[in-house]
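Think of it as A, B, C and D in the order they're written, each chain with its own count starting at 1.
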Amino acid sequence: MVVRVQAADFDLAAELSDFGLGAGAVVTFTGLVRDHDQGGLREMLIEHYPAMTEPALTAIEARAKSRWNLADSLIIHRFGALKPGDRIMMVATAARHRGDAFQAAEFLMDYLKSRAPFWKKEITDKGESWVAAKDSDEAAIDRWS
Amino acid sequence: MVVRVQAADFDLAAELSDFGLGAGAVVTFTGLVRDHDQGGLREMLIEHYPAMTEPALTAIEARAKSRWNLADSLIIHRFGALKPGDRIMMVATAARHRGDAFQAAEFLMDYLKSRAPFWKKEITDKGESWVAAKDSDEAAIDRWS
Amino acid sequence: MIDILYFAWLRERIGLPRESLATEAATVAELIAELSMREERYRLAFSDLAAVRVAVDQTMVEFDAPLKGAREVAFFPPMTGG
Amino acid sequence: MIDILYFAWLRERIGLPRESLATEAATVAELIAELSMREERYRLAFSDLAAVRVAVDQTMVEFDAPLKGAREVAFFPPMTGG
């Protein structure tokens, strides 16, 4: 189980080179900066709460590990100024069976979306605005309870 | 949408280098040869039905694409003699929203397990045997109907 | 003439991956009956049809599917991909 | 003294990321009331508490949570990670 919070980009292949050895199933999710619905996104600024971020991610990961039979898991989340197309974050899960790997990865993502102390601001041609939390993300959490 | 059936290994990073550009969410699944439950796996032989394999995979992919809002998808499946730890296959899905990417990847995997013409044989220290289809894999298909 | 393909343990039990056959069989079931009468190894391979799947011209079908116009029939166990 | 941290639009509206405060507030709600009385920018930042989340010593809590022994209180909007 690894958690990393960093400004730097990450390389999926390097992260997975010795990930989940012996497991039959590896699932990854990569989140990328996509253009704003109205277009014209110049930059996405990601702010976080350093003292809380790693403990929060570690707690989320521990919860996944207690719930599914995981051989390994990994969470990487970036902060700072990102451009459209840039990688924002990734999770990876390894398990003997694919169902565990898929479900744990979805669980990690759902919790990352609304239980990890990150906030996103979009700088577009027309101005800047904080990304609002979505009701659908809050609802996604409920399915695990 | 890409489908490849090959004896050669594949490189996850290379496959994903220009995959899903503009999408916000990329999900991958990688299947690896894991040791037999009773241990002592020397080799896994994967046989396929060449004339049917690509059409079958393409049909599965088209079905996923008609069901979810996908920006891109990829299926690679190997055949031939593999060793424990080797990559067997991968799927990748890219979508605007993570739910679509996750569900489509699970769908592709469920169909690959029991609707793509591959057969696996395990060579262990004690002998060789064809991997039996699992009832759970057949049941996994049903949840999409 | 029709091409008949065998995969996995069907290929092993029958002892060949492919053969060509002139047959009057109207359905897959009739073809199986014809093969099974031919030699013991076919009879054994087809003894439990619950464990056998069939594709006609690369499309999976039931055993009562017609063979009219078919060029290729493939027999194999349930698939185990992924 | 207690450290108070602000993130995202709360940081922007209040105009600073962090401050230290000597307070008698017994709960988070009392602290918010105290800050809101101090200056207009605080009052505005805390005008819609449905849009505000709070953590005491890096653990998320409700507004009625006690502050006894707390070293750090952080205010922020709902998280938008991932």
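By our rule, a residue touches a chain if its C-beta (ideal position, glycine included) is under 8 Å from a C-beta of that chain, and two chains touch if they have at least 3 such contacts.
Not measured: the values here are computed from a predicted model.
Hopping across touching chains, the smallest step count from subunit B to subunit D is 2. Most remote chain with respect to subunit A, judged by CA-atom centres, is C. One simple way to say how far apart two chains are is to compare their mean CA positions; for subunit A and subunit D this gives 26 Å. Mean C-alpha position of subunit A lies 49 Å from that of subunit C. Averaging Cα coordinates per chain places subunit C and subunit D 73 Å apart.
For subunit D, the set of residues that touch two or more other chains comprises 82. Each of the following residues of subunit B touches two or more other chains: 31, 98, 109. Listed by chain label, the pairs that touch are A-B, A-D, B-C. Contacts from subunit D toward subunit A in the complex involve residues 5, 7-9, 11, 55, 58, 72, 74, 76-82.
Within the complex, the subunit A residues that touch subunit B are 11-14, 16, 20-35, 85, 96, 98-99, 101-102, 105-106, 109, 140. By the touch rule above, subunit A contacts subunit D in their complex via residues 31, 47, 49, 51-52, 55-56, 77, 88-89, 109, 112-121, 130-133, 138.
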